[in-house]
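Right, I'll just put the structure down here and ask away after.
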Amino acid sequence: MISLIQMRYLEFQTNSGDMVDITNRVTQSLSESGLRSGLATIFVPGATGAVTTIENEIGLKEDMKAALERWAPGNIRYAHDERWHDGNGHSHIRASLIGPSLTLPFSDGKLTLGIWQQIVFLEMDNRPRQRKIVVQIMGET
Amino acid sequence: MISLIQMRYLEFQTNSGDMVDITNRVTQSLSESGLRSGLATIFVPGATGAVTTIENEIGLKEDMKAALERWAPGNIRYAHDERWHDGNGHSHIRASLIGPSLTLPFSDGKLTLGIWQQIVFLEMDNRPRQRKIVVQIMGET
Amino acid sequence: MISLIQMRYLEFQTNSGDMVDITNRVTQSLSESGLRSGLATIFVPGATGAVTTIENEIGLKEDMKAALERWAPGNIRYAHDERWHDGNGHSHIRASLIGPSLTLPFSDGKLTLGIWQQIVFLEMDNRPRQRKIVVQIMGET
């Protein structure tokens, strides 16, 4: 048993409203780490993106987009926009609601995800972004 | 000081809309682990259930049910339902909103929960389910 | 490489609706721990407060307050209030929605936060509170 902490970064380009399935990239990071048992933490360094799990099918992509629009509509007043004029007040509120962090236990070298459950990054910002997401893997060989 | 990672699974039957208090089972898992200091991670392997904390009293059970209905109503259109015809589009959206994962520090062999704060599994699905929830305990003796 | 787990507590007074930026206090706790690589977990022991990240500027403070009011209005019926008469049913629902826990990877002795991303405690309760927030730092020197 050797305890280790490894940091990986997932880099990708997004467009506004994208739901990016990062499950395979997290699985690959875990595989490369050589760790068998522990905790994988996905973290979004930034205030206009978030991470959660969902069944990644095209219907739910549309439904999540509609839900975010209901939870923090893009067309209402935001004090943030009046101060900064970047028009992404709703992006910030949506990101804080869903949250920047996700912790996933793994065992026997495998994430404990359900079969129909994927890890997704949600691009809340109102413009394309170059994202660099943290995947920290902490555990034992 | 010995560092250890232990996996436990909580199995139970649910009905649609159930709020299941799992605090005692998590506390027991922690006690059985023999670890004194560390992090307990509760994880829902599945896309239609979630975990959070709440004061587990009958009034808030009703209030949370009403809130979930406001946040993702059961009676609006979901693209997921149009594609898969299982009628649980709202279940998926609610689960992604609340999230599948909860991390709880423990110290002196005790979770750092508040007195009126319980760990609850929220069954969002629209039918009874057999659930198997992950409790991972990572830390030191 | 020495593995360690350290517990810190952040104590402060709040008023109802406060958004308290605790980034500097978490950073200081990390610095004092002497750990270089690992996971910092922020946990709210209590059912009427929550933790998330946001760009801590005065516009978003107002926008988050308005969003919480939309997500769980203070002026609708709560079964909790009918039973307990403390008028904070909405506080509980808001806290469960945002969540009590936040996990932050750190590396080279630094949190992996974005430049415009701060850690905030959200006081959801309807009265001033004395809060004691858990900061657990787990990792390696």
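A, B and C label the chains in the order they appear, each numbered from 1.
Here is the rule we use: a contact is a pair of C-beta atoms (placed from the backbone, for glycine too) under 8 Å apart; a residue touches a chain by one contact, two chains touch by 3 or more.
Given the structure is predicted, the values throughout are model-derived calculations rather than measurements.
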Interface numbering overlap (same over half, different under half) for chain A and chain C: different
Superposition of chain A upon chain B: rotation angle, C-alpha, nearest 5 degrees: 120
Chain A-chain C separation of Cα centroids, rounded to whole Å: 19
Touching two or more other chains - residue numbers and ranges from chain B: 3, 39, 71, 97, 99, 103, 138
Residue numbers on chain B that touch chain C, as the complex places them: 3, 37-39, 52-55, 57-60, 62-64, 67, 71, 97-99, 102-105, 107, 112-114, 116-117, 138-140
List of chain A residues in touch with chain C within their complex: 3, 5, 7, 39, 41, 43-47, 71-72, 78-84, 89, 92-93, 95-97, 99-101, 103, 134, 136, 138
